[in-house]
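For clarity, chains are labelled A, B, C and D in written order, and residue numbers in each chain start from 1.
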Amino acid sequence: MAILQLTIIPIGTSTPNLGDYILSIQKRLSSMGVTFALNDMGTLIEGEVTELLQLVMALYETPFEEGAVRVVTQITIDDRRDKKIKIGDKIQSVISRSVSPELITNHD
Amino acid sequence: MAILQLTIIPIGTSTPNLGDYILSIQKRLSSMGVTFALNDMGTLIEGEVTELLQLVMALYETPFEEGAVRVVTQITIDDRRDKKIKIGDKIQSVISRSVSPELITNHD
Amino acid sequence: MAILQLTIIPIGTSTPNLGDYILSIQKRLSSMGVTFALNDMGTLIEGEVTELLQLVMALYETPFEEGAVRVVTQITIDDRRDKKIKIGDKIQSVISRSVSPELITNHD
Amino acid sequence: MAILQLTIIPIGTSTPNLGDYILSIQKRLSSMGVTFALNDMGTLIEGEVTELLQLVMALYETPFEEGAVRVVTQITIDDRRDKKIKIGDKIQSVISRSVSPELITNHD
């Protein structure tokens, strides 16, 4: 069981605002029936690694279809074979070791 | 104004569980008076870039002090000079473009 | 045409030396008939992106087969649709803009 | 002793060609008296980590001074306290374990 972080950076877009590209990715992702969570650096997706890599393949062309001519795609996979991992586990791990919920975030 | 993602990966730790290292980082971070949010791939921190890089320097030795002999540290900085950015903006950007909150996450 | 950087970080290996894992990856890669180059942060591989992602899938299990129970895999893809790119292009690009070869490296 | 990989990605540049930005970075870097090597995904720099992070601070504003309004900067640091590491070590490590130089690269 693994967690994958996907970050897509279109280059040479004339505008520094990439929100439309992200929206296109999220629309496809939400139709795929997987567990995911968007953050400011990318989207976390959980699942078996074979499924996750096929999902990356299925999403990969999205920014090019939106008009990008160059895209840097970054994928980080954290894969454990000794236990199941899922989105939110790291937060739970810190909570279980500490009595201070403010170690997770002080963001509103 | 910038957002920085910090990920610390101790290598050769004999256990695949890195929760104690993460807890040490979060304890120091929460005492520093900055805005941050932990996720499964790292910790997001917002601020001016000079402040953020000094903060990385201040946190950097933590896993070595906990006993690690080799650490891979990954830092990604998204820095805009055309507008202020803060943690949560990307989520707000997708929400403002869409009527579907399920584009953000379907994670519980 | 794209360039992919693949970095594999086994976690909880008891030794901080990962050379045996890298050797296993390079052995498989060299039998695959693709163009690649190892550096200190990972291996660059060039090709069409579909081919590159299938290659990642084919290599992915290698460190687990060598005994790792947790692996962080990092993949960065630089993909351009406006021109062909291949390994060494960035160096050539800097050389063509400058008369100073020492801008590339001062490493022996 | 550590190796740092620095990658700078200007966003919203209207052109997908980033060679001028890379050239500016390399010019500054080569005047700093450190050991470095450019590759297709970034620049490797070796040194003590305090020195490396100060160097990143000194280079950081370069793409903004060249006109970029948004830049994604990626920094990966591999830091060992059990032995000295320098650029080229990973290649030497694979060579020392193998009789096949073609495991390093088949790139011309």
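Rule of thumb we're sticking to: a contact is a pair of C-beta atoms (placed from the backbone, for glycine too) under 8 Å apart; a residue touches a chain by one contact, two chains touch by 3 or more.
What you see is a predicted model; the values in this text were computed from it and never measured.
K.L.:
Could you let me know which interface, B-C or B-D, is made of more C-beta pairs in contact?
P.N.:
B-D
K.L.:
Averaging only over C-alpha atoms, locate the centres of chain C and chain D and give their separation in whole Å.
P.N.:
Distance between chain centres: 14 Å.
K.L.:
I'd like to verify one number: the distance from the centre of chain B to the centre of chain D, where each centre is the average of its C-alpha atoms, in whole angstrom.
P.N.:
Taking the mean C-alpha position of each chain, the two centres sit 22 Å apart.
K.L.:
Just the number, please: Cα centre separation of chain B and chain C in whole Å.
P.N.:
The computed centroid separation for chain B versus chain C comes out at 25 Å.
K.L.:
Which residue numbers or ranges of chain B touch two or more of the other chains?
P.N.:
16, 69-70, 72, 76, 78, 80, 82, in rising order.
K.L.:
Please categorise the chain-chain contact pattern as a line, ring, star, complete graph or other.
P.N.:
complete
K.L.:
Would you pull the chain C residues touching chain D in the complex into a rising list?
P.N.:
Going through chain C, the ones touching chain D are 3, 5, 16, 19-20, 22-23, 26-27, 29-30, 34-42, 44, 46, 76, 78, 80, 82, 85, 87-91, 93-94, 97-98, 100, 102-108.
K.L.:
If we count contacts the way the header does, which residues on chain B are in touch with chain D in the complex?
P.N.:
Chain B residues touching chain D: 49-50, 53, 56-57, 60, 64, 69-82.
K.L.:
Going by the contact rule set out above, which residues of chain D touch chain A in the complex?
P.N.:
Chain D reaches chain A through residues 9-18, 69-70, 72.
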